[in-house]
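I've put the structures underneath this note.
Look at the two complexes coming up: subunit A is in both, with subunit B in one and subunit C in the other.
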Partner chain A sequence: MKIVQRILVLFLMVCYTGVLVAQDNVSSHKLNIEVPEVALLGLVSENASDISFSASSPTEAGNAIDFHNNKNQNNHIWLNYSSVINNSTHRRKIVAFVQGEMPKGMHLKVKASEAEGSGKGKLGHPAGEILLSDKPAEIISGIGSCYTGKGVNNGHVLTYELEYDQDSPTYAGLSTEPTTFNVIYTLTDHN
Partner chain B sequence: MKKLSLIFAVVFIFGVGNVVNAQVDNNDTNEASHQVTLNIPKVALVDIEGSNGEANSITLTPSLTKMEAGAAVDFSGATNSDLALNYTSIVEDGETRDITVGISNNLPTGLSLEITAGGIFSGAVGNPGTGRTIELAASEESKSIVTGIGSVYTGIGNKKGHPLTYNLKVNDSKYSTLEAASSTVTVTYTITGDAANVPTQE
Partner chain C sequence: MKQLIIMKRTILLVAFIFTANYILGQDLRIEVSGDANFENAQYVVTEAGEDFPSSITSSSSIYLSLNYRSIWDGIFGRDIPWQIFIHKSDLEWNNNLDLQILRDGNGSRASILGPNPVVTSGTNYQTITNNPSFFFRGRYGVLNIPLNLKLSGASLTMGARQFETRVVFTVYDD
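On to the complex of A and B.
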């Protein structure tokens, strides 16, 4: 009987110590941290984000019409984007394609600048001058977790250039009817 | 028989001695006193309370609502103010305690955790400590979040003691290391100094 009592006392002492440890000078709780994936892309410009190319008439009979004078008026569209990737090797790119029909023999080229402005993180690199078509073409690559900053003068500025084939069928096909089409930009995962 | 007489004699002498002593203490008045020894144990207890009692877990996540392309993820929405820090302390004269806080694992690269122990809620009795704001990112660092605690009890509950505010922050210069992921760390508060309730380490 005495042995049983002793065991009981010992057991109670152990329990008591346990209570002290559980209730003592330390307290903790769990903290969950959730960082969401982000992929946002926007086009901004000082004015409307529509652009138009108007060929200037030649001043001298016998010369061709000229699109080159339009270069400067169409370079005020900026690509803004925000990205949070899901692992350290994950990269995104921005592709562009033409939606709608372009006049035959006409070629629209676009060039993105290096990132400027208040952006931070792993910003993308421009692919140089790219010929746009109905197939997505890579404009900017190597985008990690980053943000370009919002609005004009942040991100990559786009410069468009219109060219046409200097051949007879193209020139013969030129019409004064305005043609409208869209250029679609997509921030997408590398495959 | 002689032995018995001897014992009797000894008892008698003791008896006389006692009587003599009683007779010597003849200065009784209407006052009498005796000594009382109070042993107050040193106490150091800390606890984190949520709205449903003991806190188990909180979640910090930034909101992407209304986020525009080009903007940084707004971590100011990754905040929580549900918890409070309760404590009971009895110290020796002149002694004070601190409460330190640390995390079990490193935070994801580029992120840090800001914890603010706000001003003491009403209901504390004694000398509570002073709360402050600290920032943690690595598991090996532990920082004092409440200092100068005397003998005090704060009361129990998430509206007693110091309100705790958690903020997740992103280091802009390490934004490129940010990864979309969920992770869990354990946040541990420790009240410093020795106490009867704390097993001493030898």
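On to the complex of A and C.
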């Protein structure tokens, strides 16, 4: 009886060893791929991205100067962006503000178009025509993980319009001195 | 007399079990070493509006070895034809990701005095799927066959996430 027990124990030991040995014909390697967060914004234009507004002189005595000829001035500036977020419900936006002092009574408006070109993903939605000031104003919202494509004809084209408050008492303060200011765009998280 | 019969039976049984074990077990043991992760630094978007690069090659290689189990084979070598199959087992994956692999060298012999190994196929990138597929074959034990991985299909649109899979190599007699 003892011999049978010994045989059984030996049999189990050998079988167990056999199983361990047989499993060695497989080997594996774990692979991790980490996609990081990205937030990049750029303005591109075929030419320089500077815009010059100028007023038309009145053709008849008694009329005010006219800024309407500046409508759709240099509408070849494109907003490109690449964005990766880690939460599918989280969104980003693009805000714009004026850096520098604008002449009193002047109103600069900007309008972003719907996204065009080779972009993919959760692209942003334009907020329509926005009056720019020294406070950040949202011009595109709802940006998720996406990219617009690079260069002109990709992303959102920007259209500027300069208006002058004709009723403004500051008309008297107009001068022929050129005024320069910057419009700053920022890709930021929705709060 | 009875004890002698039992002893004979025992010896026979043990011999049978050892033989069966030898047949069931492989003559070569497969091992993977090295690290081939795709680092964060490779997912670089240099200009606004761009997507990730269309494909990224792993910055380092992994190495596959087929070691002899027997000490005797480890000294004198043994002509054992083998073939490697490969598949992946996803832990967190996106179907747009395409993971490819190639054999980037022949490795070195696994025996001290035996002949050099022969390794064929696997030198072009092939997609690793979740079903085992033939990768390459060879003869004799071999150490440190370099393997390179390439990843395509990663996009910004996937979001900031971590993907994880296990690449599984299986050796069979050929």
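Everything that follows uses one rule, which is that the second predicted complex is superposed on the first by the 169 of 191 C-alpha atoms of A that agree within 3 Å, B and C clash if a C-alpha of one lies under 4 Å from a C-alpha of the other, contacts with A are read in each partner's own complex, and residues count from 1 in each chain.
Operating definition for what follows: a contact is a pair of C-beta atoms (placed from the backbone, for glycine too) under 8 Å apart; a residue touches a chain by one contact, two chains touch by 3 or more.
These figures come from a predicted structure and were not determined experimentally.
Aligning the two structures on subunit A places subunit B and subunit C in clashing positions.
With both structures placed on the common chain, the touch criterion links A:H125 to neither subunit B nor subunit C. In the superposition on chain A, A:Y81 makes contact with both subunit B and subunit C.
Looking at the shared chain after the overlay, A:E34 reaches both subunit B and subunit C. Taken together, the two structures place residues 17, 21, 24-38, 40-42, 44, 80-82, 84-88, 119-122, 144-151, 154-155 of subunit A in contact with subunit B in one case and with subunit C in the other. Of all the residues in subunit C, the ones that touch subunit A in their complex are 3, 6-7, 10, 13-14, 17-18, 20-21, 24-26, 28-32, 34, 36-38, 40, 43, 45, 47-52, 62, 64, 69, 88-89, 97, 99, 149, 151, 154-172.
Residues 44-48, 55-62, 64, 67-73, 78, 83, 103, 107-108, 111, 113, 166, 168, 172-173, 175-192, 195, 197-199 of subunit B are the ones touching subunit A in the complex. Of all the residues in subunit A, the ones that touch subunit C in their complex are 3, 6-7, 10-11, 14-15, 17-18, 21-22, 24-38, 40-42, 44, 80-88, 119-122, 144-151, 154-155.
Subunit A makes touch with subunit B in their complex at residues 17, 20-21, 23-38, 40-42, 44, 80-82, 84-88, 119-122, 144-151, 154-155.
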